[in-house]
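Worksheet: the structure to be examined is printed underneath.
Letters are used for the chains, namely A, B, C and D, taken in the order the chains are written, and counting of residues starts over at 1 for each.
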Amino acid sequence: MINKRIETTGEAVADIFDGAIVMVGGFGEAGSPIELIHALIDHGANDLTVVNNNTGSGEVGLAALIKAGRVSKMICSYPRTANSTVFPELYRSGRTALELVPQGTLAERIRAGGAGIPAFYTPTSVGTPLADGKEQRTIEGRSYVLEYGLTADFALIKCRAADHHGNLVYNKTARNFSPIMAMAAKTTIVQAADVVAPGEIDPECVVTPGIFVSLVVAVDEPAHESELVARGVSYP
Amino acid sequence: MTEKATTSGANRIGLTRDEMARRAALDIPDGAYVNLGIGIPEQVAGYVPEGREVIYHTENGLLGMGPSPGLGEGEPELINAGKRRVTALAGASFFHHADSFAMIRGGHIDLCVLGALQVSKHGDLANWSTGAPDAIPAVGGAMDLVAGVRTIYVITQHCTRAGEPKLVESCTYPLTGPAVVDRIYTDLAVIDVIPEGFQLVELAPGVEFSYVAERTGAELIPIRQESLGGEE
Amino acid sequence: MINKRIETTGEAVADIFDGAIVMVGGFGEAGSPIELIHALIDHGANDLTVVNNNTGSGEVGLAALIKAGRVSKMICSYPRTANSTVFPELYRSGRTALELVPQGTLAERIRAGGAGIPAFYTPTSVGTPLADGKEQRTIEGRSYVLEYGLTADFALIKCRAADHHGNLVYNKTARNFSPIMAMAAKTTIVQAADVVAPGEIDPECVVTPGIFVSLVVAVDEPAHESELVARGVSYP
Amino acid sequence: MTEKATTSGANRIGLTRDEMARRAALDIPDGAYVNLGIGIPEQVAGYVPEGREVIYHTENGLLGMGPSPGLGEGEPELINAGKRRVTALAGASFFHHADSFAMIRGGHIDLCVLGALQVSKHGDLANWSTGAPDAIPAVGGAMDLVAGVRTIYVITQHCTRAGEPKLVESCTYPLTGPAVVDRIYTDLAVIDVIPEGFQLVELAPGVEFSYVAERTGAELIPIRQESLGGEE
């Protein structure tokens, strides 16, 4: 019987190695797999390249991982957050590198990586500093930049429900980057508020088919980042 | 243009932020698919005239975005691109980020309303970075929006707080996109970007042409079809 | 009130012009919008370029459109069908041109067209005659061909249910090319077995968001191609 | 190799089509995601050994494909890539064609079993066209499968009906993909494609090495670790 369920978040992240590229789902706090990130902090992997739209807020979740000095490079579109000074400090001190990517290009690069497309042309960023040094090409009279697919060793994502095959459904705008990150990572680790038997998710409504998922761990009552930040929580 | 004038403060003239949003909302066609940028543009949704239905897209994966649920209400996983809580209307749909930006890049969004640091007379937009060396660069979805959405409206104060024109000959800040802006709504005027440059469409109530022209960093082309009296 | 519903299939296809590029959903008979195709035959538009995975079967639906001489070019991956001699005859006589595209490349080109990606690299077809004349590029030691996005003037697609905004859900493997064709066409025309009010389709389960749909027409009891073929039906 | 021998007919030796499918099924690992080509490969699904669970992908948009529903049963909108009616098992999912081929091209499918017209000793596969000038060219998803799936198995008769070898020095038919085949299951043998060429893995019961070698259009490397008696 195929059963991708694993019991603890600690076991789920145990194989993440130093120097790994880790995609982390979420847009702001929506979809952020806080419990998996905290398990990764406990696990101790270092020198990570993290792909996320943002850089976290407060001192929990992704911001806590960055604060712990585990992230040597961020690939993201918007590394500024009202509630966090963690990334700006490390960036200014040169301890964390930044690859800034327009949000739609970031999404498309991740999707391309997952879909076996090594590179594609896009109009986004043409004529701006973010196109500097990139190959350009004119197609039917319009200029485009060449962008490369992005893959990862691991993805950490959060969903509403998963079955034992790893079929996933999400919650509202917490879906965001998670389905494409699940495609782009060699090992996709999922925290699910509900873990159900195969057949309990309508096959017409599955958002991430199980083929893109490696491990599922139940996190029944996931924390909300904004509530932790409001309470002044700092992890660990 | 050498005169430094502020449009805020005691001797304020022109539109308030709410009035600018309301003015822009008048130009959003019935049935349009619209993306609203962060800041004043977000307020446009509150002013769509009676009898029109507009479908709002937020790039973090929702089409059919409804109004804010009110302070302390809503859900942390139902937010807009500005990471504020929103609602979903009947007929809404959720989708992932690659699909969301396929809507943007693929030309499916009719209209986008954005803020600006600078707009050049060629329609170049700078709205993501002042280029300051100590600033953390952050671009979000702005470059995708201007590259993909058919019509780009900008809402902005006519001048910076320091009184510098934001409508300029050419942008000194890093571009978000070249030749992308169609229309600009400021506290002082509505201005189109046409091949010849900044074309005045409408002055805010009580604002004179010369007042706007002096605060515009490139030639402001007067409204052609009517006399503007002594203002030229 | 936004309402994309239109009353008849005839009105739905009325704007399709001579020389148009028309994407037609379906893989074999699953998802084939037979009633819309028959309306297009009645409408009379000529010199069409049709994009579909196949070329229809028997003498109904897509095969009937081809037989009527309305298709000057097919773009497809598999133009052979056990039950149809319509396309082979026209192809051999030189009256219908063929652009043969590997199925996954066809899907990706359509998706790219809809997503504003003008071109992309793919490993598919490298080292085969279908790569002849195509630009190639080596990326990280592997060879790829450059393929271009595909867009259309119209898409004709079939779905299980649509709401007035054009949000769509499909039926099982009848989904196939339809969601990406809806993205890639300027005007997407949909036949739906059910047309419902906005809010009746779960926003988490919408497959095609309404932004990709122009017109919806109810076809309550759509015909099944295989049944028509078995009965020897020939349209018109 | 000059001898024209048919492997069907009265003096048939080697495996039947069902037996070939059964033999290939033995090598499919537990938990694998597998795509089965049209023809004999489709039959592999019926022979997965007890205690293993394999998830079948069909490129027209279904993961978790189950067996045929039986003659006259099933639904016209629940079909496989061969356009035959199938079922969907618990844990299945439906998706569109671009997502389906993202699974294939993106390397997410573990294994694919395909038919062949020819396989070269370099693992080149030709299975879509005989290159005949009057044939309607049709490729389907075969080129995507060989370009994207990690492991490619081929099931084929060892020779054509005319007795010509299908395992050859180099393919004369147009390629589906170069250097893609990992293992070949024929009525006569199981053969791996290794850098040195065709490596015999196993002979069908009652079939001798020389019989297979004579019907193979390139050198057949004997099994190394055991003596094959007088066959060399």
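In this text, a contact is a pair of C-beta atoms (placed from the backbone, for glycine too) under 8 Å apart; a residue touches a chain by one contact, two chains touch by 3 or more.
For clarity, every value in this text was computed on a predicted model and none was experimentally measured.
Peer 1: Give me the step distance from chain A to chain C, shortest route via touching chains only.
Peer 2: 1
Peer 1: Looking at the contacts, which chains touch chain A and chain D alike?
Peer 2: C
Peer 1: Go ahead and note the Å separation of the Cα centroids belonging to chain C and chain D.
Peer 2: Each chain reduced to its C-alpha mean, chain C and chain D end up 30 Å apart.
Peer 1: Would you kindly tell me how far, in whole Å, the mean C-alpha position of chain D lies from that of chain B?
Peer 2: Taking the mean C-alpha position of each chain, the two centres sit 58 Å apart.
Peer 1: Could you tell me the distance, in whole angstrom, between the mean C-alpha positions of chain B and chain C?
Peer 2: Roughly 38 Å, centre to centre.
Peer 1: Mind pulling the residue numbers of chain A that touch at least two other chains?
Peer 2: Those would be 108, 111, 115-117, 122-123, 170, 172, 204, 207.
Peer 1: If a residue has to touch 2 or more other chains to count, which residues of chain D qualify?
Peer 2: As it turns out, chain D has residues touching two or more other chains at 88, 94-95, 98, 101, 104-105, 147-148.
Peer 1: Would you identify the shape of the chain contact graph, picking one of line, ring, star, complete or other?
Peer 2: Graph shape here is other: it fits none of the named patterns.
Peer 1: Taking all chains into account, which pairs touch?
Peer 2: Applying the touch rule to all chain pairs gives A-B, A-C, A-D, B-C, C-D.
Peer 1: Mind pulling up the chain B residues that touch chain A in the complex?
Peer 2: Spelled out, the residues of chain B in touch with chain A are 58-62, 75-80, 83, 88, 94-98, 100-101, 104-105, 124, 129, 134, 136-144, 147-148, 174-178.
Peer 1: Going by the contact rule at the top, pick out the chain C residues touching chain B in the complex.
Peer 2: Answer in residue numbers: 1-2, 111, 113-117, 163-165, 167, 183, 197-199, 203-204, 206, 209-212.
Peer 1: Under the touch definition given earlier, write down the residues of chain B that touch chain C in their complex.
Peer 2: On the chain B side, the touching residues are 31, 33, 53, 55, 57, 63-64, 88-95, 98-99, 101-109, 147-148.
Peer 1: Please output the residues of chain A touching chain B within their complex, sorted ascending.
Peer 2: 27-31, 53, 77-80, 87-88, 91-92, 98, 100-105, 107-108, 110-111, 122-130, 170-180, 207, 224-227
Peer 1: Can you tell me which positions in chain C touch chain A when the two form their complex?
Peer 2: Per the touch definition, chain C meets chain A at residues 108, 112, 115-123, 137, 139-140, 142, 144, 148, 169-172, 202, 204-205, 207.
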